[in-house]
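Both complexes below contain chain A, partnered by chain B and then by chain C.
Coming up: the complex of A and B.
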């Protein structure tokens, strides 16, 4: 299938030389994605603050513009005008580079996200692999920020980053493989097209594991240990201010947006939906996922670092393996099995596994003899 | 693994989101594990004890407001009780009841803050705090009705209270007391069986019964360790013997028990206020005393069960208009001495939680 960009290029190359059409089409695509991402990130910042306000029986920012919609812009201006402070004896280059390393991969992830039929910047045939690879680069940036700041709180956060993100990557990728097996492709558009029934129903367990992994990847409650404000002040960005802090902030929400988009694409059937136009369906699903994340943030306390690790290695990881195995078997015999039977088996399996694990699984109390 | 590691020192505070004021902990960490801890206090020292020596007995009451500023009413209460004990001053019945009502409302308010910020320390992003603030706000409104203040009340007087309650107070109090149990149920529904809260607090920061007694802990911290010691029962003061209430006691002495004891104490406080409202007599609210007040030569130690523990006032009088010596026994300073024993071996995240579960107020630690 030709993407919208391909069509634009073909249309342009009628009047322009081949290379010019290629460049112009590419630039148009990048600009559209950038505008989409940055506007949505700003809207998300506003949306989260308002929604949190509702959860916490208060109003949230509502002064600037209708319903306070311009509040993020005011915040951005304030942050940009702040003095950029680099701590003494910080590793200046690493300190300077870290926000960029965090923010750039977030933008790059959007290249493979289909916003509507054909509305994708690069329909890679290894789209899933691309997003997993690019998405995990941010961890390096966070580690750099913690290391380069010459601050002990930031360093603790950096150590937690490595442990947390690397560990949660495993169940995340394993649950992703279930989707890839079922769709029979790594291309994001083909995965969307394969979902006559959204994969959240076909693979509820896979979705749960992926969702929890994503929460840890984007440092959201209850896995927000990297910036646990009550313990380690602001975590890895304790020593950042001004534009660099804004980059982290944008990166964080960009991450949330990117993963909300990916969950929508992989598990919620992407742009598919009745009546409304595809792009609107996509947005509705993304906002729904994001709202769920904010809801969790408003409700749950935080796990401790060893409990967090135990949760993934003893809980999510084995469950993801079982899930992958079952899905592989199902895919092998799918032609002879009814689709609805697969759905039923998977839902029952998810229920049983979660029950068994919640009974078996006791988190350690964590005291160490010193 | 022959990797060489060494512990490092982290200064938690005095500016830190979770030290509940300007408290500083010099923590030695081995990775995330707390190896040693040294509390550093004194950043909020205002010399209240010395200031009191140059003020008349009535002028000291506003100073006591500034001790534990989250429980000013009970500070007033403890101080005036000590003075009345030394002076042998008789307090009118109605004033006694008003004092009890205010003290128990203050206990609810203080425990709301304690539990709320304890959850904040656990990482529950402000939501529980704001839910509890909703109810605390109503208590603040009630206090504002009786004395015009919302934080430093300066309501009690030697020999009674500063003024009678206005007409609208009792209906508002009744409304609050009637709906409060439902709100406590709501908190418990949100928190008490939350899996993350359980794994973060059950068995964490255990303060054994013996240690608790040895360090002289008091209040919810002591009761959570299984010691049934409440000064309202153990050394009854004012008219607490007229009310029927229970003393909730934990058994494990961990953070969860300290949380649980506070929740249960709020329920008991509601019971006391209900009874006090029913029995509230009419009459004077303050005894007529010769001003400036002179106390007989001697010394006195008066103590009450403040929300955070045993609040004691030690006064030495030389028959002048000001005390010769004025000393406060702040409950949280004594409770805090158990902190080091509780946190060694736990992680830095637990350190914050354990510290939060003690429920300190730096106003009275540093004085």
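Coming up: the complex of A and C.
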């Protein structure tokens, strides 16, 4: 199937030379994606603050504009007017480059997200691989920020982040492989097309592992060790202000948006849905995923560093391996039998594995927890 | 088999926060929404009853700070006429001794609490400023007879003010969000 962008290019090349049509179509696609991302990020900032307020029985920002919708804009103007401070002994180039390295991969992820039928910037046949590769680049940016700041708290946060993201990448990718196996393709559009039944029902355990991995990847509660205000000031962006801090802030919410889109695409059936137009379905699912993330943030306290590492290496990683193995076996033999049998087996397996693994996390007769 | 460590605690916690979504927010949006203060508040400034005051200056003597200044002259019916009744509320510590000492109940503590001024001299209240009016109501401090006529204090909970603040009822969300802009 041709994407909308290809159609635009073909339509343009009737009147223009081939290279001009190619460039114009590309620019149009990039601008549309940029506008989509930036508006949604601004809306998400407002939405999270309001929703978090309601979870904590307060109001959240409600002054500027109807229901406080313009608050993020006021915040942005305030942040942009701040003085840009660079610490005296900082590694200036790295310090300057870090926000860009954090922010750019976030935008790049959106190239492979299908917002509707055919509405995708680049329908790569290795879309999943691309997103995994690009999505983990921002860890480098965060490490650069911590290293370049010449600040011990920033460096502690950066070390934590690298350890955390490297560890959580494994179960994340392994649970992703289950989806790829079942869809039989790494292309995002084909994964969406393969989900007559959303993969969250087919692979509940895979979804759980992927969701927790994503929470750690986008540094959200309860895995927000890198900006644990109660321990290490503001973490990696302690020494940042003004425009650079705004880039980090946008990057953080852009990450949340990107991963909400990825979860929607891979596990919730993408833009599929009855009655409403596909793009609206996509938005509804993205907002639902983001609400769940905010809900978790409002509920759960932060993990300790050792708990964090133990959770992924002793808990998520083996579970992801077993999940991958079982899904592979199912794809090999069971798919010819019945789809619902696969669903039943996977749900039972998820329940058993969670029960068994939670037993493993009890040490010292239940008094000491890892 | 006890179900304690299988993520049940997380689910319980999430249920708690989910229930919070449907509770009215605790936030009081101050200038638009105000809590009802204690009925026995020793509030801002004094409330002065011009017709009860005999100009005896007992209050001025009772004041530990010497804030109250009274100037009188002799009237026609062998009484004092109060020319000047000035209180420097900037130095007042709201001890209430003047109110307690008044033999004619001509002074009371107020219910107001928004007494900030831009100039120090604006804090000196003249007898016209202090006289009782609709906007200057006495509190029930040393006045138990009017205590029940005042609305009950509200703390952090939303009381329906139309009902005199006596009954707990939830104000609908749309009303409570306050205005935009």
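Note that in this section the second predicted complex is superposed on the first by the 359 of 370 C-alpha atoms of A that agree within 3 Å, B and C clash if a C-alpha of one lies under 4 Å from a C-alpha of the other, contacts with A are read in each partner's own complex, and residues count from 1 in each chain.
One rule holds in what follows: a residue touches a chain if its C-beta (ideal position, glycine included) is under 8 Å from a C-beta of that chain, and two chains touch if they have at least 3 such contacts.
Source: prediction; values computed, not measured.
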Legend entry - Touched partner set for A:59, first chain B, second chain C, both or neither: second
Inset, instruction - Could you tell me if A:298 is touching chain B, chain C, both of them or neither one (first, second, both, neither)? - result: both
Legend entry - More chain A residues in contact - chain B or chain C: B
Inset, instruction - Pick one for A:274: touches chain B only (first), chain C only (second), both, or neither. - result: neither
Inset, instruction - Using the touch definition from the top, say if A:230 reaches chain B (first), chain C (second), both or neither. - result: first
Legend entry - chain B/chain C common contact set on chain A: 55-58, 298-300, 366
Inset, instruction - Would you pull the chain A residues touching chain B in the complex into a rising list? - result: 52, 55-58, 152-153, 156, 159, 221-222, 224-225, 228-233, 297-307, 363, 365-370
Legend entry - Parts of chain B lying in touch with chain A, wherever the complex brings them together: 8, 10, 16-18, 30-35, 119-127, 130-131, 134, 190, 194, 196-197, 199-200, 202-204, 344-350, 352
Legend entry - chain A partner contacts - residues on chain C that touch it in the complex: 5-7, 10, 13-14, 16-18, 20-21, 23-27, 29, 177-178, 180-181
Legend entry - chain A residues within the chain C interface of the complex: 53-59, 62-68, 295-296, 298-300, 354-355, 358-359, 361-362, 366
